[in-house]
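Mind having a look at this structure? Questions to follow.
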Amino acid sequence: MTLNEPKVAGQPRVGLFATCLVDLFRPSVGFASVKLLQDAGCEVHVPIAQTCCGQPAYNTGDKADTRAIAEQVIEAFEGFDFIVAPSGSCAAMLKKHYPGLFEGDALWEDRAKAFSGKCHELISFLTDVMMVRDTGARLDAKVTYHDSCSGLRELGIQEQPRKLLANVNGVEVHEMADSDVCCGFGGTFCVKYSDISNAIVTKKVGNIDASGADLLLAGDLGCLMNMAGKLKRQGSDVEVRHVAEVLAGMTSQPPIAGSGK
Amino acid sequence: MSARDTVLGKIRASMRVPASDDDRKRTVAARLAEAPRGIIPQRAKLPKAGQLELFCAMASQFGATVTRVSDYKDVPAEVSTYLRARNLPAAIRIGADKRLKTAGWASEKTLEVRHGASDGGDLAGVSHAMAGVAETGTLALLSGPDNPTTINFLPEHHIVVLKAADITGDMESVWTMLRMTQGKGEMPRAVNLVTGPSRSGDIEQTILLGAHGPRAVHIIVVT
Amino acid sequence: MELTSNKFKENAARALVDLQLQKALGNVEKGFIGKRQKSVDALPEFDALRDNARDIKNHVLAHLDLYLEEYERKVLAAGGHVHWAETAEDARRIVLEICQKAGARTVTKGKSMITEEIALNDHLEANGIEPVETDLGEYIIQLRGEHPSHIIAPAVHLNKEQVESDFRRVHTHLPEGRDLSEPVSLLSEAREVLRQRYFAADVGITGANFLIAETGTSVIVTNEGNGDLTQTLGKVHVVVASIEKIVPTLEDTAQILRVLARSATGQDMSVYTTFSTGPKRADDPDGPDEYHVVLLDNGRSAMLGTEYQDMLRCIRCGACMNHCPVYHAVGGHAYGSVYPGPMGAVLTPSLNGIDETGQLPNASTFCGRCEAVCPMRIPLPKMMRHWREREFERNLTPLTARYGLKAWAFFAKRPRLYRLAASFGMPLLSLMGGSSRRFHSLPFAGGWTRHRDLPAPEGRTFLQAWAQRETQKQEAGQ
């Protein structure tokens, strides 16, 4: 791994917020995150008392449950120097939305703000805080990268994964058209409005197929599961992985939703 | 209670403000009096000569044609040339603008000059603009007997005469000019800002010129 | 129009299989997104202007009562009339009275969403006055008995063949053999037909993009010129505008104009920006004899001081719907309301109540593209979420969603139980995934597997595997 002088002194203690989808469906992403963080010089901890960031409740308008979950996450993680999640949307939830949940609450508001200030999405944390330039991975693949919405628009993640991918030996990046357009996942949206979600993801996989890539990457497992599910339903042999798996050089697991048609 | 008082009362109730709040009144009065300019794009902040060039470039970019003459007495010949080149009848409609009236139309012997507002029967109208905005190639036209508003919209071809000295960098400078002639807070009945010929994209988002207003705008800049 | 927002899902299902519509919707992405980006890229100050535009409107909203009073004073001083309307019904009644007093038989109309909001056309027709829409898109949909599917491109849901067949059906006085195969011939025909209507109309009705307090001026921003002919050729000009259209000064108008056209159509300036102040002056050779402004509240005053106040900054550019993946998929009519797309998903519940419109703020992936392009920096997703909160508080959230969420939250709030359930469930599910590593169908996951496969989980959860690894490490270390 190559890095410039990190912005933090010493070995930062990082709490990995794995996210519920990674925990349940794709532990490989969790282990890849640990490896990337350790290689970058972090001391990585995985608090056992973690579940979900609360987005399903938050986006359904259930303020009470959202707050209860947020308190639990803050309590479990606020002792670390940094809190890192391998997901733009979960990281944005912790970083951008938690403080608003406690507005006007003297006890919790400052605590939430201090917590949020330490939260980061994995890839941007590696490049922007730990100053990683090259993760030392190699993979022979033609990849295309989908910009997941929250990471892109709430956290400004666009160049960071591309910079790291450019330094992965053997990787060729083939940009798809409209890589910054939503894949139609949208959390509960994809089941509540299944038909509309399908129309959106159909356009997306059209662009993925047209890119000429054989491997689709992104930084959010929800979007990845959605796109992988559609690619496989359509009989595409484009494989799908979380970008962290490739950057960590951990691609021995079958791709998301398997390989082949 | 009148509808007016009801609506204003609801606004004040929602905003939790009293009707007689002198601080708020002072804030509003100051804003109206000072009319702060806000952000003026760099491209509009040009020296005078640059403004003329930018105006011509932007107006052309947005679909107008632009030509330059050195004197008002050259305007009639330029108008005739424009009409001939497009196989239009030698007839125009103009208002009472002195600069146009005294341009010497008699030199164009075959040109019919109709005066006053357009009745919809004119293929070409000639107006004099009050100003031009270089930033966007926009013409500013004022209503009134000098340049009736109907001439801006009814003829298929709108020929607009503009004095180079009246070209400003930004729209805000037009408001300054307007206040000097009209007085602060006063406006003519209509101020028409025109940027290129009439157009529509309503059918399949295909941009077409000549929707309901002029199909062509020709600008004659008197330098 | 009849509100069918609560049938959004059914409307959307129909839209998704409507091939004509799907073809036309391609024009939204093609026609707006690239053009906007190009014009924005050419103006380095664009984002600073957005900030300023937002600040101007926030300032107005904080002083709205005072600016309205000043605006009214200036309109009256210029010889115009001001009518205040608390509700849509009041506004309809006022406009009808003005038309009746003018002895109007036909009125021409410039494109205006506010007259859609108050359903003016139906009301005029019911009272024997013929409204003639003169904007090309509005004219087309009026012939079809439809409502706008987009706030600046009302006929964007149609293809040229459909327009051709409508023109042939209605313009029976024209030769049957004429060529109408291209948009340009359709436009010429509409131009000729409508020319006569402007001169015949007694009253011209327009909306307003801005009302300027400093001068008592109403502003319309258009490209076709129909709005200007409408308001110049009628004997009476009626402006219908909602109260939040106020801006303080001409300078403030110039600031917002710089972001309006770029956000809407990707133009630096729209072709016609027209500032109207009062009726014809003593020596004017043209212009209306009377100038009326109808100031409409219709629920807006109640939005002030609430979490929906920011919505009142909206300048109706349409950028949010032009960039919305849901709008691209289903078009504007599926929303079943006057205002479609993201701005409609926030505004419609304010105007019509959340009980009748609850689907709209839910029909969003929260991709945030609308907020990213909004020239007035309106936090649309955040406000949609606030509507979801109102629904949840009032138990309007559908039961399946509510129970599903509650079950999830039960585990999410209890890490031990969560780990226990996951450590049994996920390996089992993984096993069921077989060698393909995916499910074609799965009970309780129909919403997902109807259209896409569900990836199978790897096996043990991350927390399980991590704990085991740590234990092994410790044992190895001992």
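We call the chains A, B and C, going by the order they appear; numbering starts again at 1 in every chain.
Just so it is clear, contacts are C-beta pairs under 8 Å (C-beta built on N, C-alpha and C of every residue); 3 or more make two chains touch, one makes a residue touch a chain.
Quick caveat: nothing in here was measured; it's all calculated off a predicted structure.
Nearest to the global CA centroid, when each chain is reduced to the mean of its CA atoms, is chain C. Contact tally for A-C versus B-C: the pair with more C-beta pairs in contact is B-C.
Put simply, the C-alpha centre of subunit A and that of subunit B have 53 angstrom between them. Mean C-alpha position of subunit A lies 32 Å from that of subunit C. Distance between subunit B and subunit C, defined via averaged C-alpha coordinates, is recorded as 29 Å.
By the touch criterion given at the top, residues 9, 12-13, 16, 325-326, 328-330, 362-369, 371-372, 385, 387-393, 397, 401-402, 404-406, 408-409, 411-415, 418-419, 422, 426, 435-438, 440, 447-463, 465-467 of subunit C touch subunit A in their complex. Residues of subunit A that touch subunit C in their complex: 18, 20, 22-31, 46, 48-52, 54, 56-63, 65, 68-69, 72, 149-150, 153-154, 181-182, 184-201, 203, 225-226, 228-230, 232-233, 253-254, 256-259. Contact residues on subunit C toward subunit B in their complex (touch as defined above): 24, 27-28, 30-32, 43-45, 48-49, 52, 56, 59, 62-70, 72, 74, 78, 83-86, 90, 134-137, 140, 153-156, 158-160, 163, 183-184, 186-188, 191, 194-195, 199, 213-217, 223-226, 228-229, 232-233, 243, 248-252, 254-255, 257-258, 265, 267-281, 283-287, 295, 297, 301-306. Those residues of subunit B that touch subunit C in the complex are listed here as 2-4, 6-8, 10-17, 19, 24-25, 27-28, 31-32, 35-39, 41-43, 58, 62, 95, 116-118, 120, 135-136, 138, 143-145, 148-150, 152-154, 170-172, 175, 178, 185-206, 208, 210-214.
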